[in-house]
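Chain lettering (A, B, C, D and E) follows the sequence in which the chains are written, and residue indices restart at 1 in each chain.
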Amino acid sequence: MILKVEGLTKEFGGLRAIDNLSMEIPAGGIMGLIGPNGAGKSTAFNCIAGVYAPTAGRIFFNGENIGGQKPWDLCKKGLARTFQIVKPFASKTVLYNVTVGSFATCERRSEAEAKALEVLKFLNLHDKKDMLSGNLTIADRKRLEIARALATEPKLLLLDEVMAGLRPSEVDEVVEMIRKIRDSGVTILLIEHIMRAIMALSDRVVVIQFGKKISEGEPAEVAADPNVIKAYLGDEYVAS
Amino acid sequence: MLYIIEDAINGILMGSIYGLAALGLTLIFGVLKVINFAHGSLLMVSMYVAYWAVTLTGLHPYIALVLVVPVMFIFGYLLQDIVIKPIFKAEKNVREPITVIIVTTGVWYILDNLTLLIFGPQYRNLEANPLRGKMLELGEMLISVPKLWGFGAAVLTTLAIHLFLQRTATGRAIRATSLDREAASLMGINAYKIYNLAFGIGTAIAGVAAVALVPFYNVFPTVGVLFDIKCFIIVVLGGLGSIGGALLGGIIIGLIESVAPQFMAATWTEAIVYGLFLLVLFVKPSGIFGVKHDW
Amino acid sequence: MTRNTLQRLLPLALLATVLCLPLAVRSATYLHIMILVYLYAYLTTSWNLVGGFAGVLPLGHAAFFGIGAYTSTILSLQYGISPWLGMLVGGVIAAAVGVLIGLPTFKMRGAYFALATIAFAEGFRVMVENIDKLGPFALNGPRGLQIPPLNFGLAEMMFSGKEPYYYIILIMLVAVLLLTSFISRSKLGYYLNAGGEEPEAAMALGINVARAKVIAMAMSSFLTALAGTFYAQLNLYIHPKSAFSLDLSFEIAFIALIGGRGSIVGPVLGALLLRPVSDFSRIYFGDTLPGMHLIIFGVILILVMTFQPRGLQEPLTRLYERLLDRLSGERRAA
Amino acid sequence: MNILQKIAVPVVAFSMLAGTSAFAENVKIGNIEPMSGPSASLGQQGKAAREMAVEEINAAGGIKSLGGMKLELIYADSESKPEKGVAEAERLINTEKVHLLTGCWNSAVTYPTTAVAERYGIPFVVPVSVADKITEQGFKTVFRIAAKDSWWTRDQFAFLKDMQAEFNTPVKKLAFVYENGDWGTGFAAQWKKLAEEGGYEVVLDEPYPSTSTDLSPVVQKIKRAKPDVLLLTSNAADAILLTNTLAEYNVQLKAIIGSGGGHADPSFMKAVGKNAAQIFDIGEWETDVNKPGAKEANEKYKAKYGQNLSGEAVDAYLAIYVIADALERAGSLEPAKILEALRATDLSSGPGMIVGYDKVAFDETGQNKHAALVIVQVNDTGNGLERITVWPKNARRAGYTPVFPMAVK
Amino acid sequence: MSLLEVRNIDVSYGDVQVIFDLSLKIEEGEVVSIIGGNGSGKSTLLRTISGLMQASAGEISFEGKPIHRSQPEEIVEKGIIHVPEGRRLFSLMTVLDNLIVGAHNSRARGQAAATLEKVYELLPRLKERHNQIAMTLSGGEQQMVAIGRGLMSQPKLLMLDEPSLGLAPILIKSIFETVRQIADQGTTVLLVEQDVRHSLSLSDRGYVLEHGRIAIEGPASQLLDDPHIKTAYLGI
């Protein structure tokens, strides 16, 4: 298990956003994390990525309890993430953005840039390397977000709704890209709203609602789970 | 022991006037989320307006209020509308636009030096001033009457602003804009108009402070600078944006300035004030009383 | 000439001109103004490491300037230590103070940070004004320290003419420009820019943003202190109100904002514009319209902030590019 | 080639600009004064007084030994900032090619600025910047008309001694209250020495920031220390504030002695009114000084600028006459010649000599040996408040008896 | 003439286009649902109607008059109120003050007291809590305040952006009941939701939004049975 979450709980001023959540991600696969809006996916994500210290519970990354460690330390340990609302360094070029990421593992600029270029080539962003990231289309910004995270050489990559707001054809491209990344040996935890993509990509899916896990299993299992349908479409939908 | 009480009373009175001077600054910050570096200069302009209102019309210094407050309100309103608003519009997605700070500093330079150009560097003091030197004797203790009036003005203004914000439709609109500009505009509130209003009111409050000061204080082009940094310190002590906090912060500064010199050289009180200021910034940035401002 | 050669030649030509300027400009006044332009460009470039790259607004750099000025002056007056050495000592002390100030303040946001830095600088001024002697060191309180103009010479960093000062500050400026442009291309520069622009994203990419800022602060305060020593040796007199002047702190920030925060040339452009404007308008209006120069200064601040809120560096760069196009007859490669 | 031209043009233009006004038709006197900023009031008085003197001298035919050459004043604003003073001195010397310099009122500006003049060998006449240090730097080009602070304080104590004898009122306890700048702390250091020598007890030694917005705490301290005499060094804003607050708290003292500056500022009496009554102040000059021409000069000044001549203004006025006298004798614009003439100054008559003392002559440090001070008392003898000369006794206004100790109000 | 008519609008965030050539109509007295997954452009559509964002092309008219160039406060004045996603209460103000601010526009201000009574009648919880600071309320109560605040403006068209977001099922139910009641009292409602079942069951008509375009539209009952919805949501 590359990541093991045990009894994770996070409260904000009495409000329990994550409630005793446990899950395991085996190395090398893609795990989907889904749930309706406001279910607590991003909070769980932020706890794992070190933005929030958990109120209770433990998070093991490669066997080490990382609960409460800072994001930059986690990044150096091989845990990278993207943001749901992309946060490019907008006044800088694409190459610059990715180089910031590759500096996580190298000291010299020439080395870092070389690695950034490799990542850009890998993700088919190479021809846009000199564009200001603020001028990219949303699809390219999402791709840049992934490229930057990938440049830190992660073992586990947390992707937060990287397909939201994309057109269907673009979604397909990103799906392909994620597969490619997985095939290069990076484990992926995916939060996504676009079910088609989740279903196509994930080896396993965890569904949460109100901070609690309500279902887990292979995509098809989960999609058929009445609990899940209820959570998504309202409780009366199941009957119809 | 008695003299400490006498000093403390003086400190509270003088401090309340500082608080009054800072009240407008905190109001403007509360709504616009911007530190108005021109606030001291607006106080200075108010003092000139008060001075001339009294000198030219022969009004009782406190009656000048009826002239100074509307004039300063309009001055502040137009200043925000004409000079500052365009910057807000250009940077409407920035929560605390630094450019606005710089622009208010430009306004400070312009106002101070324009006053120097127009009125010269002289120190002015109301000549026919029925309040000058009036002291209230409380046993052995002496209390300055104009400062007492100033204290009254500070408390009343604070109360009036509080009630205005709590009880009137415009006040609620100002509070709503301060808390969530976009949601307020969804309720039909024009945020820029509210900014103008808040700036106008903040400036008018500086006018009240000027009227309180002019009977016992000098008027000169750089007088605002003396109050400027004091006002910043006060609003941070009281909590940026907190109405009651401005008064309390002012009183704390007044007390330090008044009581501490009895134990050390007066020049060290400044250092104490800065020390306290930094302490509050680090330990309790929401202000000494840590009150989240609801107003 | 091709555009590329031109692009390489122009800066060299500029450097050559600047180096030869004292040969053409014999007037010490204009040299002095140029010295001040370079001094402020130097100060603003140093400030830019924090205020530009790291994306905060420090308004108290006079604290480091004053520390530099006082340290070297005290060491040279009381211990006969060359200001060149004193400069470095002052720099180290300022860097330590910068770290101490930076650690707590970088956690603050916007207005609070600006106010805290003002309070630090003013606090230093008040302290120096109130302290006559600090252990073995005579600060002389409000009376300040005067350097008797007796031992002219390079070792004493004291000269009877302006030219040596001109070259010293020019070298300092070029060095600091090279240093910042080196930093902006190094890991630290990437980290500062990233942390300034999108702190959350930066943290997720392995950047300890607070630590990067503190490092930048240490460098910035070190460099600022060096200028303090230069200033003391240029004027041969320092006192708390001038060495720890709030106006100085503000002016540095203004130059950066007018020129263009966070860019390498921005501070130089800002200083090149604001310094002469304020000096010349003081010269021309000083006796007839007192205060006019500050009014002009204020108007420029407002106009630039209204119409070019990101500073003049962007439009001027465009203009420069167009000039290059015109001169070479080539279009800029996209 | 066109690039070179593009660069060359501004450079040439720049250097031509730098060379303007190289040919003097007049004697150029550079004046560095605080025209804006906190001391602007004093700078502008100094400017007015200088202008009046120059107009008079030029109207009377200019400098005759130089063929009737006229004097021309060039002003520079120091904003009370040393670095600005230095920059302006550089400019005046190099660009405006001034022959002499005067200024700078703020001692903090005068030190470094005189150093510039020394470097270029340009004569620098200091009308009034009182810090001793200014003439004690070993400079050869600096001349000061006014007394230095050790003389001011010396005379304040001499006056105090004389008054005790004259009115048979002993004074034991002194309080020193002063602005915490260069000037105030300089005076206080001298006072402490003199108090020790004179056997006085110092009951209060209190600096205060001149940016204070409330001086009640300081006044309370004075009241509680119960001194006999209070010595003050204040700028205008704080002098006004202190005087009013002393009156409000009804602080009973035998005497209050100011040190010029704020107490001599024309705004002062206007602003404090009767609270100024019976305050003593030390200065260089008074409107009632018994000198030919003094009254006329003051009236002319008042008509023109709306204020009485202050001590500071008279020093500036005299400084121009001292310069004119030296130029007349030098008969040359060579700095060395002017310096020589200034060193040999022995001026005892002429329109400029409306000061309280009889002669201007400089010692080897450049200090006017004869500079003396008068002490005045502010009082109302039926014509409104005025400054009445009371000390030295031979200069006392006829028919006036000083009030000492102060009357209980 | 429809109450609200949106014709062929394009909307972008900077250079990122979010809504493509979108048209819809709302008749007076209708309840219309717009449903769609995250990022489909639902909120952007509402933000454009209420004037927070500008359409780069197309027109929006209300009661026959164009409003797509108007400022948000002018649009409120005309009678459209937008209850934003995430409630956006004035967190440090009391419930009562929040409600009164809702009546800021000139049509509603004079009748604020009477409207307040009606709102209290509809949402009695608010009356109990009127003196409480908004941020201390539970999520469901906050949503009620947001709706009540919208009603205080006497809207001709009430636009609700995901009122069920983050609420427990029982609360969701009561929120939808409240919306139904509002509609029954004659207010036209435009409801943006993810909760398909609930929202469609109380609506007259519905639109399904996908990637900034209308994918399906029709009577609500018909949409409820459309298999495409399930596909769009669950990817099966």
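By definition in this document, a residue touches a chain if its C-beta (ideal position, glycine included) is under 8 Å from a C-beta of that chain, and two chains touch if they have at least 3 such contacts.
Given the structure is predicted, the values throughout are model-derived calculations rather than measurements.
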Contact-graph separation of chain C and chain E, given in steps at minimum: 2
Identity of the chain that, by mean CA position, is farthest from chain E: D
Chain whose average C-alpha position is farthest from chain A's own: D
Centre distance in Å when chain A and chain C are each reduced to the mean of their C-alpha atoms: 43
Distance between the centres, which are taken as Cα means, of chain E and chain B, whole angstrom: 42
Chain A-chain D separation of Cα centroids, rounded to whole Å: 75
Sites on chain D at which at least two other chains make contact: 36, 40, 43-44, 180
Chain C, residues touching no fewer than two other chains: 129-130, 290-291, 294
Interchain pairs in contact, sorted by label: A-C, A-E, B-C, B-D, B-E, C-D
Complex contact set, residues of chain E against chain A: 14-16, 18, 37-39, 162, 165-166, 168-169, 172, 194-198, 201, 211, 224-225, 229-230, 232-236
Contacting residues of chain B [partner chain D, same complex]: 3, 6-7, 10-11, 14, 18, 113, 116, 120-125, 127, 132-133, 135, 142, 144, 216-218, 220-223, 225-227, 230, 254, 257-262, 265-267, 270
Partner chain B, residues of chain D touching it in the complex: 36-38, 40-41, 43-44, 180, 206-209, 211-214, 216-218, 220-221, 224, 236-237, 240-241, 244, 247-250, 265-268, 270-273, 275
Partner chain E, residues of chain A touching it in the complex: 36-38, 134-135, 137-138, 141, 161, 164-168, 193-200, 210, 220, 223, 228-229, 232-237, 240
In the complex, chain E residues that touch chain B: 50, 52, 71-73, 76-77, 81-84, 88-93, 97, 100-102, 104-105, 109, 133, 149, 153
